[in-house]
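So that you can tell them apart, the chains are marked A, B, C, D, E and F in the order they are listed, and the count of residues begins at 1 in each.
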Amino acid sequence: MKVKVSRKAHFNAAHRLYRKDWDDDKNTQVFGKCNNPNFHGHNYELIVSVTGEIDPETGFVMDMKVLKDLIEEKVENALDHKNLNIEVPEFKDMNPTAENISIVIYNKLRPHINKDHELEVVLYETPRNFVTYTG
Amino acid sequence: MKVKVSRKAHFNAAHRLYRKDWDDDKNTQVFGKCNNPNFHGHNYELIVSVTGEIDPETGFVMDMKVLKDLIEEKVENALDHKNLNIEVPEFKDMNPTAENISIVIYNKLRPHINKDHELEVVLYETPRNFVTYTG
Amino acid sequence: MKVKVSRKAHFNAAHRLYRKDWDDDKNTQVFGKCNNPNFHGHNYELIVSVTGEIDPETGFVMDMKVLKDLIEEKVENALDHKNLNIEVPEFKDMNPTAENISIVIYNKLRPHINKDHELEVVLYETPRNFVTYTG
Amino acid sequence: MKVKVSRKAHFNAAHRLYRKDWDDDKNTQVFGKCNNPNFHGHNYELIVSVTGEIDPETGFVMDMKVLKDLIEEKVENALDHKNLNIEVPEFKDMNPTAENISIVIYNKLRPHINKDHELEVVLYETPRNFVTYTG
Amino acid sequence: MKVKVSRKAHFNAAHRLYRKDWDDDKNTQVFGKCNNPNFHGHNYELIVSVTGEIDPETGFVMDMKVLKDLIEEKVENALDHKNLNIEVPEFKDMNPTAENISIVIYNKLRPHINKDHELEVVLYETPRNFVTYTG
Amino acid sequence: MKVKVSRKAHFNAAHRLYRKDWDDDKNTQVFGKCNNPNFHGHNYELIVSVTGEIDPETGFVMDMKVLKDLIEEKVENALDHKNLNIEVPEFKDMNPTAENISIVIYNKLRPHINKDHELEVVLYETPRNFVTYTG
């Protein structure tokens, strides 16, 4: 009996969308206000879901406290109150779009989740824009 | 690496649920208060999701601004502040239930979405009732 | 020890903003899309608050179940799934703006609330527009 | 044309997580504060979804009023304002984790849903912890 | 220049509404399902607000981290995952209604807030029922 | 008959909390992670409320469309997708705390609101931290 368990978390960060190999005009044309060279920022709302069989002993798929601590250790400590472009190595040569951030978060968590479990990451960049990545 | 990107939008409209070929008793029995001949209305909350490969150049599956403008042009302009039964041609002979509205919205958007991308429409008729259509 | 107790409720309705004594041009200029002669509609979210001394016997200012039933009987029965302009007598000669609806709701409830208690009505016309009336 | 229709409901209850065959130390180690022998409680938010073909006559997959009444009769009456461990027979020998509660709710509803329809249960234990079960 | 700063927090607990000096019939008549002798429970959402002059040095009325820690130490540690009737001394002879809980929380926080600052407590017992206490 | 009308808006921005005349140690001690010299950011949710008499002709205290456009012109254009410390002149020598941002927003709007009307600004820095300023 497979169940999906989900945990919401939160971090906030500054970022800028642009490509170093494009000139200013092209960056502004493609990324608009998100290309502001002085950065802007977001409150990112994160929902991490793990799907697997219920452990008949505990009644848990995965202990929510363990999942909460894992998100804090692997994701919040790496991204919260950070400038994604400058301070998060994964975005040195990759644009910190919501799509790419969701993949970075997935990759940070995947090694620490039971191999038999599926992982899903939903990331809200604003209350009206969000992305979903399932590996 | 497929990611699903989602955008929330909003419109409000009046409607009435009934069938012209049923008498009043049957319409009231099946549709209850929703059969009020003077109409009632809703704030519809809409979530449109597009799933596809990330463009490695931009880091976008689909530019959210483009998706926002597309929803405004094709959906909000057609449905916002309208009487669905009287003013929206698709509902001339089709009951404007949440289910049918979600399909109409899907069909309005589908031709304008990249063919390799999947499309999903979630429509909240009230904060407690909503529907999902994926084609 | 005065405490304010609040109860959320919900109704949906159709309406139209216009003045019979204005011509179409003036109505459209002032009320825009809200002047659609075929009506549009909203999910109205309502928060009714009653402020007063705690009854030391029960620990209640006012029993929430009583307040819930009162809102249902006096407000929801009168407004839910209705066309405000056509079916609600208070709006026969008064524009059903959120401001005016909040006053109508206040007046429907006030006679049934303890005279020593204060009454407040908050009415959301959309998730982004709301009004507050305190008598 | 398959559509998924969803209805939100609500109940609140007390519970405690523990195993009778474990000693206090092990129960506290695994279940932490949730093992409080005097119980704690939650407002459970429930989303029940039914997926199937739209009935061309009504435009409904399933009448939301029928689904609402079914949830009230089969789920809310059984769980609302209850102590899950003491008063709900399914949890006599099963830990009332969110995962297990979602399966109990699914099993209560499944016999009353059209066999051709799929059923999904989403259960929020807190605004930050929730589970999904699809049978 | 006075500003009100607000911080949301969360705890969950079991409780029961009844008076020891009333018989079962009267308790059931007044408190209904909330009188379940086996307890039920809630996720309580708490908003604590402090109003005062902005400190011109920091730009803070009160450091939100300090307020967050104070709520955790004085309120969450005392109430979270507790049975209010059995484990919280203030409710030994006082009914744990939302009204009374809000006053207990206010009294726990008031001594630790700057005397020149005003304090307000908003407590959601369910998403639809909440109370406000300002001393 | 005075009514308060409220409009929600949204902007996102980067900022950093620190004082130029303090050394790094003191800034970190007081402002913690918010002192990150590379900036971090937020989705700011804004609620602007105007209180006044209802215009008996229109039924409006203030046309919500006018209020929406005013917020966009005076607040969103000045703050959205900006680095508050670098690009918003008001914060050249003032810390962009939520408290100070709410006062800046109030001062931007006040000259454009009817003098007989009261103005209130509520600003959410995160879903859990918010401030209220009423002049």
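The rule is short, and it goes like this: a residue touches a chain if its C-beta (ideal position, glycine included) is under 8 Å from a C-beta of that chain, and two chains touch if they have at least 3 such contacts.
Keep in mind the model is a prediction, meaning the values are calculated, not measured.
Each step here moves to a touching chain, and the least such steps from subunit B to subunit D number 1. Taking the mean of the C-alpha atoms as each chain's centre, subunit D and subunit E sit 28 Å apart.
Centroid to centroid, with C-alpha atoms defining each point, subunit B and subunit F lie 33 Å apart.
Among the residues of subunit A, those touching two or more other chains are numbered 127. Contacts between chains, counted with the stated touch criterion, involve the pairs A-B, A-D, A-F, B-C, B-D, C-E, C-F, D-E, E-F. The touching residues of subunit D, when paired with subunit A in their complex, are 17, 19, 30-32, 94-100, 102-103, 127-133.
Subunit A contributes residues 1, 3-9, 49, 54, 57-61, 63-65 to its touches with subunit D in the complex. Residues of subunit C touching subunit B in their complex: 10, 12-15, 33-34, 36, 38-43, 45, 80-83, 86-87, 126-127.
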